[in-house]
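For clarity, chains are labelled A, B, C and D in written order, and residue numbers in each chain start from 1.
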Amino acid sequence: MSEPTITTPQLEIARATATEQSLKDLFIDGYRWMLLARTLEDKIASLYHAGKIVGGVYLGRGQEAFSTALGMSLQHGRDIFAPLIRDQSGRLAFGEPLLDATRTYLGSVRGPMRGRDGNIHRGRPAEGIPAMISHLGAMISVVTGMLLGRRFRGIEGQVGAATIGDGGTSTGAFHEGMNTAAIEKLPLVIAAANNQYAYSTPNTSQFACADLADRAIGYGVEPHRVDGVDLYECLRVFSLAVERAREGHGPQLVVGKLLRLSGHGEHDDGSYVSKNLKDSLLGRDCIEVAQQRMINEEWATAVDLKAWEEEAREKVREAVSCAQQEPKPDPFSERWVNLASAWLIEGSSSHA
Amino acid sequence: MSEPTITTPQLEIARATATEQSLKDLFIDGYRWMLLARTLEDKIASLYHAGKIVGGVYLGRGQEAFSTALGMSLQHGRDIFAPLIRDQSGRLAFGEPLLDATRTYLGSVRGPMRGRDGNIHRGRPAEGIPAMISHLGAMISVVTGMLLGRRFRGIEGQVGAATIGDGGTSTGAFHEGMNTAAIEKLPLVIAAANNQYAYSTPNTSQFACADLADRAIGYGVEPHRVDGVDLYECLRVFSLAVERAREGHGPQLVVGKLLRLSGHGEHDDGSYVSKNLKDSLLGRDCIEVAQQRMINEEWATAVDLKAWEEEAREKVREAVSCAQQEPKPDPFSERWVNLASAWLIEGSSSHA
Amino acid sequence: MSITYLEAIREAQALALRSNPAVFLYGQDIADFGGAFKATKNLAAEFPGRVKDAPISEDAMLGVAIGAAIEGMRPIVEIQFADFSSLAFNQIVNQAATHFWRTNVPCPITVRLPSGGTAGSGPFHSQSMEAIYAHYPGLIVLTPATVGDAYSMLLDSIDLDDPVIFCEHKLLYYHLKEPALPDPKNCLPVGKARITRSGKHATIVTYSAMLHESLSAADELLKDGYEIEIVDLRSIKPIDTDTILGSVARTGRLLCVGEAFPWGGVTAEVVARVAAEGFHLLDAPPQRLNAKDTPIPYHPNLWAAHRPTARAIAEVLRGMLRF
Amino acid sequence: MSITYLEAIREAQALALRSNPAVFLYGQDIADFGGAFKATKNLAAEFPGRVKDAPISEDAMLGVAIGAAIEGMRPIVEIQFADFSSLAFNQIVNQAATHFWRTNVPCPITVRLPSGGTAGSGPFHSQSMEAIYAHYPGLIVLTPATVGDAYSMLLDSIDLDDPVIFCEHKLLYYHLKEPALPDPKNCLPVGKARITRSGKHATIVTYSAMLHESLSAADELLKDGYEIEIVDLRSIKPIDTDTILGSVARTGRLLCVGEAFPWGGVTAEVVARVAAEGFHLLDAPPQRLNAKDTPIPYHPNLWAAHRPTARAIAEVLRGMLRF
């Protein structure tokens, strides 16, 4: 399966030296990741509604630009990317194989979590993708620790990113994690996607400050604000934030304003989302905004767009059908081993 | 036992209408509370070193001005005051009986905690003094809830104050509590005493922002900064903050800069406290600063000061000797009842 | 006409709101949205201002509830999934549980924990935390297994002057139905177990969703001529040791079944009590059946093997009856 | 020359820092100050940069340790008092405990919990939380009762690839002494219990500070001619059931003694196992002795009555031996 070619970030975009050419290439790659993610998630959603998905489905619709830009600003094999539930496109852009997604959604035992944990929890910590636990905020200190671990091992210049939602910023874990990273001046980038809702709860019941980026100063963290619907802006801001972190300026808080374009999960129709917000600039679909820019700038033709869509559909089709044919977890071959020190597992069956 | 006469706050101090007279009275009352607290704590410390105290001893030396001003800005019987370990003087100024302190320190069963919990944990929640648990930050949401409870019951215009240290601001509970109070726009005053250390840990290992008051904006909370060594300034700022809260402007964060003038507890000599800090303006003793002002302003004479000292010593002597003569808790008469629904306590002794 | 376990929970909250002005509800997405499971559906509209959305701040949610309770309110907190109560743990076990003991001021809060496993929910949306809370003095821990109990015990919880951890089982929410709600006046009080099924060959002591697996297992064994008595604990703190001992006195055999992790927990406590207090009543070693000692797996194939099922219960029972 | 329990803990950390560059220490006030109990005294100076002060952020402290462990480090976290681990609970039981199971990447952290009651410490500086952590799959929970075990088991913890909850007892810190530290090569491995004293009339299974109360009780009973065998669990997850059963096979009587709260906990787990697996070995009902079911009182008069003491243990034993 061939993926779009550029998987490492091109930081030049934020620099005066950026050429129209590299900028265009970067943008197009970003668009194709967004498109691939959207295509995958549309497919997963229809499989979910057909009863074919194991567990819940939570999508990143409307957040692809923000997530993709973060994923592209990081280097796979070098940096750390800790995604949450809306980061399908960031995962792909960072370098997670498409098959990791379809395998976990479809219950293949060959997925990275082997049926033990599901869908959005998947990760490959040894490859820089921690496997999120559900408890919001909890990954921020873990990424902080990964960065500290690397510093102990003498490795510098590698960045760690953790994503969070507007709702997740209310957790004590968010506060403690960001504060600790700031004290240690670690190269942590926190990408806060303010999609206006936490499940059904609007910003007004979540915090009382004017802008979540206002939190940064109280931690000694550098703030960034971005229109989360605009891939171009997201690429610019994230590459800057990642560069600041990489260069030793400590944690960066990037707050993107956008709107979740689906329910909280596929079980939820999101009917509570305010019509005013949907009709506002926040409610634009970042995929369409990106297409528009490519057309306007003459970076792509309608034919290109069609071809990319077909390409994405083909990749998704392939990954889904591959995962569908794979074996499911089997309780009898499952080893039920929860310790690395396997000899310490109690053998007695009478109490188990 | 007669206590200094003015126990209710005089908010006029912050108003244009404040007269020299009321200001002077208020200041003198504040000074006498500070002095009483210092005298008590000196006595408790010497009893501790003589092995006469049950449990640990944590003192508020150097923080009396900040704590007293808060206690005086609140109205006993109306407002809520949730003290922590350095708030002996705030407790007295708010209206906690001196005997509550000596009884708990000396292990009398007549203390408010009846021997079940100790010293600094004492409280009278039904009288607006919640009984702190040790876990730092945990009282902020409790006071928030008390205020919410009152709002539910139709009571408005009552303020709740919770104190916290520089170290305590690193807890998730601090973040969640302050944020929740801000969302509900409750009349909460958080008094953060930045005494430069959390136990032995200096500010530099606790946070990376320039000033803790910078946190406020990120919560939609009003910030106040004050020289925590200066009773006059503390009275001015706290009465303003309390008034803002009472008038519906939501939570207030008051950050006082000062220095802890003893060890973390009486078991600790605090030898790690930087000499530079001790020699700086932060290292002034707020009691001496207040005396100086009274002398300078001719609010009091050396004779007055002596008389007040003697008066404080006498009160402390009385309260200590009263508590010393009282019975200690007795395990046989203790009911060991941990539920209000006593009939649900398991009677079976064989598993207890 | 029929009413589900979930509707019973909703109705109990509605009745409490209606009859007691001190009651209010607090939790994530519980107001207009009606809660992740719809346990508070329409209540915000019916009781304006008394059903409040909380930020994602479990520690503060509990602190707020405790503070309001100190001031005379009777908050019901919904934690979206029991598993997230790990973040409210400190306020529950150190603040709420100790408050009355320390200060003599009661802390009447009810914490609703949507608990237990369902297919595909995985390690963080499936936990049964009753034993964790029961360990701490000062908490009452309830685990209703029937529609009627969900209703009457939630009403009892709200009335009690102590903090109650109310463990609802998510698997029972929608499919468990009864024709009507009971009159609370006719219900068993908190702290009493129920003999759901009487028998003479062995006793199963269980609670929550495992009651239903146990009932199926008992049906299965009846085909072999064995009559299994089933005790539904209802309350796991306090535990109704007398009813358990009474049953074991009749049957001589005890199997305790729980869905939680195997180390410690309800099954250990029950077996230890019976061994200590009813040793002479036992004709065979008392046995336990719990989930496996790993996190709760996400894939339904694994999940079904991780938790005790009717089939596994029947198998253990057969082994015990051969003894 | 003699060495205390606390010094053993310090020495183990020093040796680990010396011999393994992946080891670092993280906790409040542990660097220059050497820790609230001085368990890390002088280590910051000897190992610059590898003994780090943490902010008052227990949740983040654990998250940081877990992250560093994922990257190949072997952090030792000191929680200032076990009771404050309630704030790190989520990271411990949901992140650390599940990490290897979920991802196949080990999470080798050691969490040091200064545990247990001391006079005048009250409800929030006295708790014994071992049973809480042992309930969760994926954690190893150790409870050393001797100077030698404090040393060798802490070294073992650091070497293990799994998260270890290391429950040190504060009451033993200063007064428990041995002439010298053992050679770790000659020590019992993790997971094995020790028969501290052999006897034939009854078995006490216990751990941590209660070992010493039990030893005194056994001395007391010897005067009446009873020889009490004492099993020190050392590790409460896993529990060495074989050694326990072996002892009960010899004595026919079991008393399990723990300092934690009475509902659930180690004593329930041990008694339930023995009842299930060693029923035929028992000549009398197995018994438990725990603390009382209230928060731990602050005043020494109450505290001394709240926890099991040698006298209380001896009394229960006498009752059992009369059986």
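By our rule, a contact is a pair of C-beta atoms (placed from the backbone, for glycine too) under 8 Å apart; a residue touches a chain by one contact, two chains touch by 3 or more.
Not measured: the values here are computed from a predicted model.
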Relative to subunit C, the most remote chain by C-alpha centroid is chain B
More contacting C-beta pairs: A-C or A-D? The answer is A-D
Here the gap between subunit A and subunit C, centre to centre from mean Cα coordinates and rounded to Å, is 36
Note: subunit C sits from subunit B at a C-alpha centroid distance in Å of 41
The distance between the C-alpha centres of subunit C and subunit D, rounded to whole Å, is 30
The positions of subunit C in contact with two or more other chains are 54-55, 57, 59, 83, 86-87, 90, 94, 98, 101-102, 123-124, 137-138, 272, 276-277, 287-288, 292-295
Subunit B residues touching 2+ other chains are 113, 116-117, 121, 133, 135, 170-173, 176, 179, 183, 205-207, 337-338, 345-346, 350-351
Given the complex, residues on subunit B that touch subunit C span 112-114, 116-117, 121, 123-126, 130-131, 133, 135, 138-150, 152-153, 172-173, 176-177, 179-180, 183, 337-341, 343-346, 348, 350-351
The answer for subunit B against subunit A in the complex is residues 170-176, 179, 182-183, 185, 204-210, 212, 214-221, 250
Residue positions on subunit C within touch of subunit A in the complex are 28-29, 32-33, 36, 53-57, 59, 81, 83-84, 86-87, 120-125, 262, 287-288, 290, 292-295, 297-302, 304-306
Contacts from subunit C onto subunit B in the complex sit at residues 22, 24, 50, 54-55, 57, 59-73, 75, 90-91, 94-95, 98-106, 108, 137-138, 140, 160-162, 190-191, 238-239, 241, 272-273, 276-277
Residue set of subunit B touching subunit D in the complex reads 54-56, 107, 109, 113, 115-118, 121, 133-137, 167-168, 170-173, 198-201, 205-207, 272, 328-332, 334, 336-338, 345-346, 350-352
